[in-house]
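Paired with chain B in one complex and with chain C in the other, chain A is shared by the two complexes that follow.
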Partner chain A sequence: MWSFILRRLLYNVPVYLGILLLVMGLLRVRNPVYAYLGKNADEKQIAQLEESFGLNDPFIVQYGRFLWKGLRLDFGESWKYQGTTVREKLLASIPPSMSITVPALILTSVISITVGLMSSFYRGRWIDRLLVIAAVLGMSISFLVYIIFGQFFGAFLPKQMGLEWWPLEIGGSFDLWFSMSSFSVFGLRVPYPDINAMTWVKFCLLPVLISVIVSMGYDTRFYRAVMVEECNRDYIITARAKGATKRKIMFVHMLKNAMIPIITRIMTTLPFLITGSILLEMYFNIPGMGRTLITAITDMDYPMIQGFTAVIALLYILSIILTDVLYALVDPRVRLS
Partner chain B sequence: MTGRLLRSRGARKFRRNRLAMAALGVILLYFATAVFLFFGGVSMEATKERVAPKHTPGFFQTPDLDQRLAFAMHFISEVDSATRLASRRDQHPHDILVEKALAERRPARLEPQRYDELLDEAFGILEEELDLVDNIADHPELEPRVERVEEIAAAFFPMPTGWEGRAYWSRTFLGSDAAGQSISIRAIYSIKVAFQIGLITSVISVLFGSLLGAAAAFFGGWVDHAITWVFSTLSSIPYLVLLSVLIVVFFGTIFDDPERPFLSLVPIYVAFCSTFWIGPCRVIRGETMKIKELEYVQAATAIGFGRVYILLKHVIPNTAHLMFINFSLLFIGAIKSEVILSFLGLGVKGQASWGIMIRDAKDEVASYFFWQIGAATFLMFVLVLAFNIFTDALQDAFDPRHVD
Partner chain C sequence: MIQRAASNAEPILTVRNLTTRFRTDLGLVTAVDDVSFDVAAGETLGIVGESGCGKTVTSKSIMRLLPEQVTRIDPKSRILFKGVNLATADEAAMRSIRGDKIAMIFQEPMTSLNPVFRVGWQIDEALKYHTTLNRAQRRARTIEMLRLVEIPNPERRVDEYPHQLSGGMRQRVMIAIALCCEPDILIADEPTTALDVTIQAQILNLMEGLKRKLNTAIVLITHNLGVVAQVCDRVIVMYAGRIIETGSVHDIFHRPQHPYTQALLESIPKRGRREHGKRLPTIPGIVPSLHDLPSHCRFADRCRYKQDKCIAAEPDLIETGDGRAYRCFYPLNQAPAAPTVGAR
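Our next item is the complex of A and B:
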């Protein structure tokens, strides 16, 4: 087992180095400093920024320095927000993202696994057909449209109709309620949000619901396909032959055996728990990781882009390794290949 | 390669699926429209022309009194300023008004003093009756007066009749956006943009990806390692982040110029192609792994064919069905991603597209104006739905492992 984990880790090291190489290379196709400062920058400013970003050194030196500093999460200072380090920005933007993505993932998984199970159980009957049709229809609508109409019907319209008690907000004043406390570990300030239930409902419930509805279509179809495949296996026929109840077959036999694809599916969405949904964060004005990264990209804030991509890619790779390990735990055959 | 695929058992199964054939019909209809548009069916200028006062609603709806009044006043105030300018310059007001025409709705040439008479009447109604109430929408008894104002506006700018009238109707039947541009024309023009992006990126990605995938699996060794490394690297960066970084590379170059709408699509092509090829590459690699162990490949080797020949002649043609399935999956992906990128301001520039329309419509929804988002969403929905059904049917017919 340990050798398997070690093999997976070692295999992914060149992949990670490749990602950093790719991102750093892409960001240096055009001189970052010119891109950030625009056409009317003066020489002194340019020289200063180039010096502080280490652009005068050869690429390989920059790459090495980035790796070395990256080990301590030191990605330098943001250009746009003078005086704040990328690490502070990074740590501050994780909690807002997670306050949306974690509930969304749990809700989506529970609901769509149940629906998928139901759909495969009533396979070919009207309820199954209805669910399949609904899933295909739902998949064909753009995410943006869900968000726009979700905001309209979920928050705007009830407010317009004068429902004073309606709790959901379109967002916008996220910063006001999202006050941060922090504790320190090994000299690293780790912020955590002071969330109380009411403010969570006010600002986060609507994006969570929208995200659940959007992913329902894809997930339901996937889980249904998994279950249907399991339905045709011999062990189900055996269970049926020995007289197990349908419910027991469904929840005990089938669900357990369908666990591998389910785990994989959930694990692959884990990195998005941290990166958050870029679109939801943009629309609901949530200062999460996705939004911060996209604003950094449009602002040409190079240290931010580099640091954020490095961390996101690392999390992504770690979750892939974790998936492989879990896989190997559940299914010993994987370890050998 | 395609000929054999079309005669295969899977193809027959596909043809029996009526829903899938209907979906194929819809796709072909869209495609024909796209081709028609590509060869100049609707010019880009037509999508930018002002055709009506801003936020004109479409045809199922009669606007509120205050909106009707606002539309009429749009024309009347144009005439008002034109007559003042004309008297200063000693010109006929018509000469100035010609520039204010909204597509086919051109100004009529009246006697110079007739302009003043009508204007006086309109402003009289406005000042003495309509301005006295707070909200005209709450006073249905004022409707005849508003109608009179509308008549005056129509006297200045008569509704076109005959063929011109029909052309004008086709531009305005879905209303107009915030800049007074025709929603119907823009939504239909977007079909071309969607097909341009979808076809180019998915054809290139599928061909490139399948070739690499097949080569990786067939040759194995370092080729396989290199290709696997490249695609696992690319797929370990979140998709939208990679797309945005790739597009940012083109910022400030000639590919970032709204004045050159065709060139400004190039960053999208590059970004999509460099991420989309991974999907087909993975699938085809897996399939080739299986195929290369099959007897007919061994037989071909035994006869003495070269490895590249076997790869191109025997292996890749047997993955053709997967290529088609991936093509249609990528097409859907391209259309959806275009919308998202355009929203983020990284997508289509300088011309209409469904993403641009949905982005523009974002704020209109708060004032209960759904025409723009409705038109864009509907056209996109039908196309994506047809592609979804088509893909499902393809998988059903050709992929034995696919679960119905």
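Our next item is the complex of A and C:
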């Protein structure tokens, strides 16, 4: 097991280096300094900056330097927010993202796996048809519609109607997110927002609900398809012939077999747990990773883009390795060798 | 051939007028039509016939394992087991019978076991549902069952997964699951079809031995007449959802009365009997579609003895009193004492 994980990690080192090479190369297609200085820069300023950013060194040297510093999560200083390091921005933007995505993923998975199981079990009956129609309707509507309607009916309208007690709000101020406590891991300051249950409900519940509703349609249909396939397997009838109850068949026999597609589905969304949903973060004014990265891209904040991309790519690769390990745990036929 | 004593003991399972219909896109089809038979304690009853003649549906109707939404067991059907009509019993009653009183094994040992659970767990599951044994006792019983089905090294095998076992071993595990609660009846639905010939013989011998040891009646569903000859006491021949002939295995093999049975017997390859260059006899045509059953004799279109009467009406199942029955206007091999129904 451990040798498998180690080997997979080593295999992925060249992949990761390639990703970083590509990102750095693409970001140097146009001289980054132009973006930094704007239209009215003169030759001297450009030369000076190129020198100070190390852009005059050969590409391979810059690449090496980036890797070397990256090992210590040092991606330099943000160009836009001078005096703030990319690492600080990164660490500060992860908690807001996760306070939305973690509850959303858990809720979506639990609900849609259960609904998918039920739907497949009663397939062909009215309850199944109703659920399928609801799922197709749900997934046919744009994310933006959910956000706009959700904000209007979930927060704006109740406030307009003078419901003082109504807790939901559309995004707080950044102050909320930046009033952070922190703890230290391996010498890194890890910040987390000072949030209690009430403020979480106030600012996070609505985006979480929208996120759940948006993913429900896709996930329910996916899990239903997985379960329908399992329903037709021979071992189901063996279990019935043994005298197993329907509940045992569904939640023990079928569910364990369905774990592989379920794990794949959940694992592929794992990196999004940290990067967050860009749309939700934009519309709810949540300073999470998605929003921060998008802002960095529009600002052409090169160190930020490089640093964030490096971290996101790393998370992807790690989640893929984790997926393989989990496969082996649920399916005895998968051997890690 | 040694004729096995046909049990005339009290029947343990009585099936009367079993009629099973399926709702399909093309309308209602009758897969099993008015089937009646008895299973005596400890006997081996063979049900033979071509694919699609209703053998499997009959057995799954008894176990009530057919998909509920599309299946209709006719309310006139009676499947009497220990005073309970299984045709109308509720799901809870069926659950307590399945695996405990009546067990079943299937055609495909490669896929019939759940791939993600250890074989021991899968045997243990049946014991958990039907016995009051504690965990340690169930474990001991599981290993004992594996030993009984002649799996070498049961202490080690019990913790293996199905994919670590061969097809024959998996079918042995299926038998162990089926027999661990010592059922009264074991329904074996083509248990050897997916296995190669040497393994087939082993599995049949095993079932035969266990039947004696546990006094379990076996309902063996197969299209392999060689298998029937080897293990069965009595035989039911089915065609297009109907019983067309029943009798002891000796009678069926030596004096078949229905032309279909005769044709089936002729199409078995026999060592030494085949003349050089001569083709193996086959039955021309195919089983009529259930969507389009003739109202006359269902075998008439393929029958070499067909006469006018055969395409005018459907014959009834005629019982001749000696435990035999046939559904034909012009039966073959009439025993001298039996009433002659029609001359051929």
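The working rule: the second predicted complex is superposed on the first by the 317 of 337 C-alpha atoms of A that agree within 3 Å, B and C clash if a C-alpha of one lies under 4 Å from a C-alpha of the other, contacts with A are read in each partner's own complex, and residues count from 1 in each chain.
Operating definition for what follows: contacts are C-beta pairs under 8 Å (C-beta built on N, C-alpha and C of every residue); 3 or more make two chains touch, one makes a residue touch a chain.
None of the values given here were measured: they were computed from a predicted structure.
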| item | value |
| --- | --- |
| Residues of chain A touched, compared between chain B and chain C (which is higher) | B |
| First (chain B), second (chain C), both or neither touched by A:Leu26 | first |
| Partner chain in contact with A:Gly162 - chain B first, chain C second, else both or neither | neither |
| Partner chain(s) touched by A:Val330 [first = chain B, second = chain C, both, neither] | second |
| First, second, both or neither for A:Thr245, with chain B first and chain C second | second |
| Touching partner for A:Arg125 - first (chain B), second (chain C), both, neither | second |
| Touched partner set for A:His253, first chain B, second chain C, both or neither | second |
| Partner chain in contact with A:Tyr235 - chain B first, chain C second, else both or neither | second |
| Partner chain(s) touched by A:Ser140 [first = chain B, second = chain C, both, neither] | first |
| Interface residues of chain A shared between complexes with chain B and chain C | none |
| In the complex, chain A residues that touch chain B | 14-16, 18-19, 22-23, 26-27, 29-30, 35, 136-137, 139-145, 148-149, 151-152, 156, 224-225, 228-229, 271-272, 275, 278-279, 282, 290, 293-294, 297-298, 300, 305, 309, 312-313, 316-317, 320 |
| Of chain A, residues touching chain C in the complex | 124-125, 233-235, 237-245, 253, 256-257, 259, 330-333 |
| Residues of chain C touching chain A in the complex | 63, 65, 69, 95-100, 103-104, 106, 108, 111-118, 122, 125-126, 129-130, 161, 163, 174, 177-178 |
| Residue ranges of chain B touching chain A (in the complex, touch as defined) | 229-230, 232-234, 236-238, 240-241, 244-246, 248-249, 251-252, 336, 339-340, 343-346, 354-355, 358-359, 361-362, 365-366, 373, 377, 380-381, 384-385, 388-389, 392, 402-404 |
